[in-house]
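Across the two complexes that follow, chain A remains constant while its partner is chain B and subsequently chain C.
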Partner chain A sequence: MSAWIAVALSADVEAGTTLGTAVDGAEIVVWRDAAGRIHAWEDRCPHRGMRMSFGFVRGDRIACLYHGWQYDGDGRCRAIPAHPDLEVPATIRIPRYPVAEASGLIWVRPVPDGTADVQAPPDEPATPVRSIHVDVPAADVAAALAADGLASLATAAVQPIGPARTAIHAVLPGAAEPAARAALARRLEALRRRLEGAEIAEVPA
Partner chain B sequence: MKTTDPVALDDWYVVDSIADVGAEPRRTRLLGQDIELVRGPDGRVLVREVLFSDGLGPTLPAIERYGCVFTTLGAPKHDLVRIEEAEEADRREVICGWFTIRASGLRIVENFLDMAHFPFVHTDILGSEPHTEVVPYRTEILRDVDEVWAYNCKFFQPRAAATEKDTSGVMMDIDYRVPSPFIVMLYRVAPSAPTRRDAIALFIQPIEDDLCRAIPVEYLVDEVSTMTGMLHFEQVIFLQDRLILENQRPRTLPLEPRAEIPTRADASSVAYRRWLKERGILYGTTEGARILAGGAA
Partner chain C sequence: MMPAATLVFSGRLRPASFAAFARHRADRLDLALDALDAGPSAATASVSGPAALIDAFEMACSLGPLDCLVLDVTREDRP
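After this line comes the complex of A and B, so read on.
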C-alpha cells in the first residue's frame, strides 16, 4: 500500500499554474485551478502523448499545449478545439493520483486512479522553506538527513524522482522567522554539496 | 550501432548540405551508423561508413539534389522524391538551417502534417483562437507511387508566410505529401501569387531512433521577403514545434491503434501510421524499439 509522497511546497504551485515532476520515474503533473484546488495527474495527454505540465490552466480546467484539449477537475476531456461541436466521449480521460495538501506540502499517492482512503499526512501549521533537488538516490538522501539531525527541527520530506534524482521539500513548524528559514536552506544546500561530492568550499553564512 | 531494420535501411536519407561538404572530411550518423562525407577530386561527394576499426567502408550511393546530400545504407526500391517545383527557374530555393530534435523522426513528420496545433503552438502566426476548427479533408495512400497524400486541408491563418505583414488573416488551402517515412512536404497557395503553389519540404536525418536532425527546403514564388526574413520565420516555427516534439512520450511513434487517441482532424496522421505499419518499418516506432532491442518491453 503506497504511502503519501511529498512532491512540492503548496506555496510553489500558485492558482492557475502547473508543475511537472515524477515519482520513481512515473511522470506527474501537479496543477492548481483558479479556485485553488490542487490536482495531480499522469503527465501525459492521451491524444498524442504531450506532457500536460506544459499546458495552461483556465478556470477549473487544464488544457494541453499541443492541440488545446481541455480537461475538467475529474480528468475528463471536455473540449477538443479542432471539433468545437463534438461531445467528447467519456473514455477520453487522464489517470489521476490521490492528492492532499497538509503542513504546507503537496502530497501524492503514486497509484494511478487510486483511492484516497489511506490516511493523509497530519495537517499542522507550517512555514515553507524550499525544495531542493539532489542528483543521488533517495536512500542516500534519507540517510544523510538522518545523520544531519534535521528531522528534530523541520520537516524535510523526501521525494524519489528517478534512480539518481531526489527532491527534498522542507518546511518549519509554526510561524518561522526569516533567519530560521535561511539557516535551514543553507543547511540543505550544504547537505546537497556533500551528497553530490562537490569539492568547492562552502559559502560563508 | 547501425539499425538492423531492413525497411529503414532501404531508403534515401538526407545527411548534409551540398554547400557544406568540401575537401575536409565530415562525419555524421545515420540510423545509428557513423558515416563520413568528403568531396572527392572530381568534385563529387563521397559517402562511406565508418568501420569499428575507424577505417572506411566502400562508397555508398549518393545524390546531390535540393541543396542536400542524400545517401542510403541499403538498396532503395524507389528513387529519391521528385519535387517538380525545384525545376522551375523563377522560384526561390530557400535552404533553411539544420534543426536537431530529440524525438523520433516519425513524430516530426506527424507534427508537420498536423493543423490542429496551429492556434496553440504557433499562436497568431499559423493559427489563433477561436479559429480552431479543422474541417474534414481527404487522405489517400497512392499505391502506384507508395506515398501518403492529404488534400484540401483548410485552416484559418493570421500570418501564414513571411510575406504577410497584414495580420487580418486568410483561409489557407494546403496539400500534404509523404513520399517516404522520413520526408514530408506541403503545397500551399502562394500568398503573393494565388495561381501558383509554394512547395515546402522537410528532409529528416534519423541519427538514432529518438534523435534526428532536419532541414527544411522551400521552393517559393515569393519575391518580396528577404532570405533572412524567411529563415527567421522558419526558425520561430521550428523552435515552437521542438518544444512539443521533445516532450511527447513515448519519444518513439506508437503504431498500435489503441496507444493514442486520434480524432477526425488527425486523418493524415492515421493514414501515415497505417502506411508505416503496412510498410513494416520498425525503426522510430515504439513497438519496433522493443523488437529491435531483441527483448520484451
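After this line comes the complex of A and C, so read on.
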C-alpha cells in the first residue's frame, strides 16, 4: 500500500497558487484554492495534455492555461470557455491523489483516484525551513540523511521525483529561531554538495 | 433528439489501436458510440451527443493514437 510522500512545504503553496512536481515520474499539480484547501491531481488537462500546474486558480476552481477549461475541487470540468452553453459531462475530469497537510508539509499518496484510508502522518507544530532538490536517487539521499544524524533534530522528508532526482522538504519542530533554520538549511546544502560531488567550496556564512 | 454524425477517418491505421482510441475518446466525451468499424485504411464511427463534443471527438480522432496516421476525415451530420 502506497505510503504518504511529502511533496512541498505548506508555506510554499499559498492560496491561489499552483506547484508542479512529480513522484517517481508521475507528474502532479499541487494547488491551493482561495479557501485554503489543498489539492493534488494528475498534472495534465484531459483536453490537450497541458500541465495544469501552468494554469491559474480562481476561487475554488483551477483553469488550464491552454484553453481555459475550468475544474472544480472534485477534479470535474465545469466550464469550457469556447462552449459556454455546453453542459460538460462528468466524464471529463482529472484523476486526483489523496492529499493531507501535517507538520508543515503537504503529503500525497501516489495512487490516482486513491482513497485516503491510510493513516495520514502525525500533525505536530513545526517551522518550515526549506525544500532542496538533489540530483541523485532517493535511496542515496535517505542514506546520507541517516548518516548525517538529522532525524534527531528535524524532519527532512524525502520525495523521489525521478530516478536520479530527489527533493528534501525540511521543517524544525515547534517554533524555531531564524538562526536554527539557517543552520539547518546550510547543513542540507552541504549534504547536497557531498551527494552531487560538487567541487565548489562552501559559501561562508 | 441529440445531434449525430458519421465520421470516416482514412489513412494508415492499426485497426485495433484506432478502435480502442475512438472508444476511449467517446467515453471521455460521454458520446454514444452507435457504430464503429476500423480497418487498415479507414475507420467509420457513428456518434451522437452534444454538437460541441462531436466536434471534439472529430478533432481527437483526427490526431489519433501514435501508431496511426489519419490523412483525411469526412463527416456526415444527421440532425
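Operating definition for what follows: the second predicted complex is superposed on the first by the 205 of 205 C-alpha atoms of A that agree within 3 Å, B and C clash if a C-alpha of one lies under 4 Å from a C-alpha of the other, contacts with A are read in each partner's own complex, and residues count from 1 in each chain.
We take it that a contact is a pair of C-beta atoms (placed from the backbone, for glycine too) under 8 Å apart; a residue touches a chain by one contact, two chains touch by 3 or more.
Computed from a prediction, not measured in an experiment: that's the story for all the values here.
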Fit or clash - chain C, chain B, common chain A: clash
More chain A residues in contact [chain B versus chain C]: B
Contacts of A:Pro46 with chain B and chain C, given as first, second, both or neither: both
First, second, both or neither for A:Tyr66, with chain B first and chain C second: first
First, second, both or neither for A:Gly25, with chain B first and chain C second: neither
Which superposed partner A:Phe54 touches (first chain B, second chain C, both, neither): first
Touched partner set for A:His83, first chain B, second chain C, both or neither: both
Partner chain(s) touched by A:Pro95 [first = chain B, second = chain C, both, neither]: neither
Overlapping segment of chain B (options 2-10, 20-28, 92-100 or 272-280) - the one that collides with chain C in the superposed model: 272-280
Residues on chain A lying within both footprints (that of chain B and that of chain C): 46, 80, 82-83, 86, 92
Chain A contact footprint on chain B (complex, rising order): 110, 114-117, 119-121, 129, 132-134, 243-244, 247-250, 254, 260-265
Footprint of chain C on chain A - complex, ascending: 46, 80, 82-83, 86-87, 89-92
Complex contacts: residues of chain A adjacent to chain B: 27, 44, 46-51, 54, 63, 65-68, 80-84, 86, 92
Complex contacts: residues of chain C adjacent to chain A: 27-30, 50, 52-53
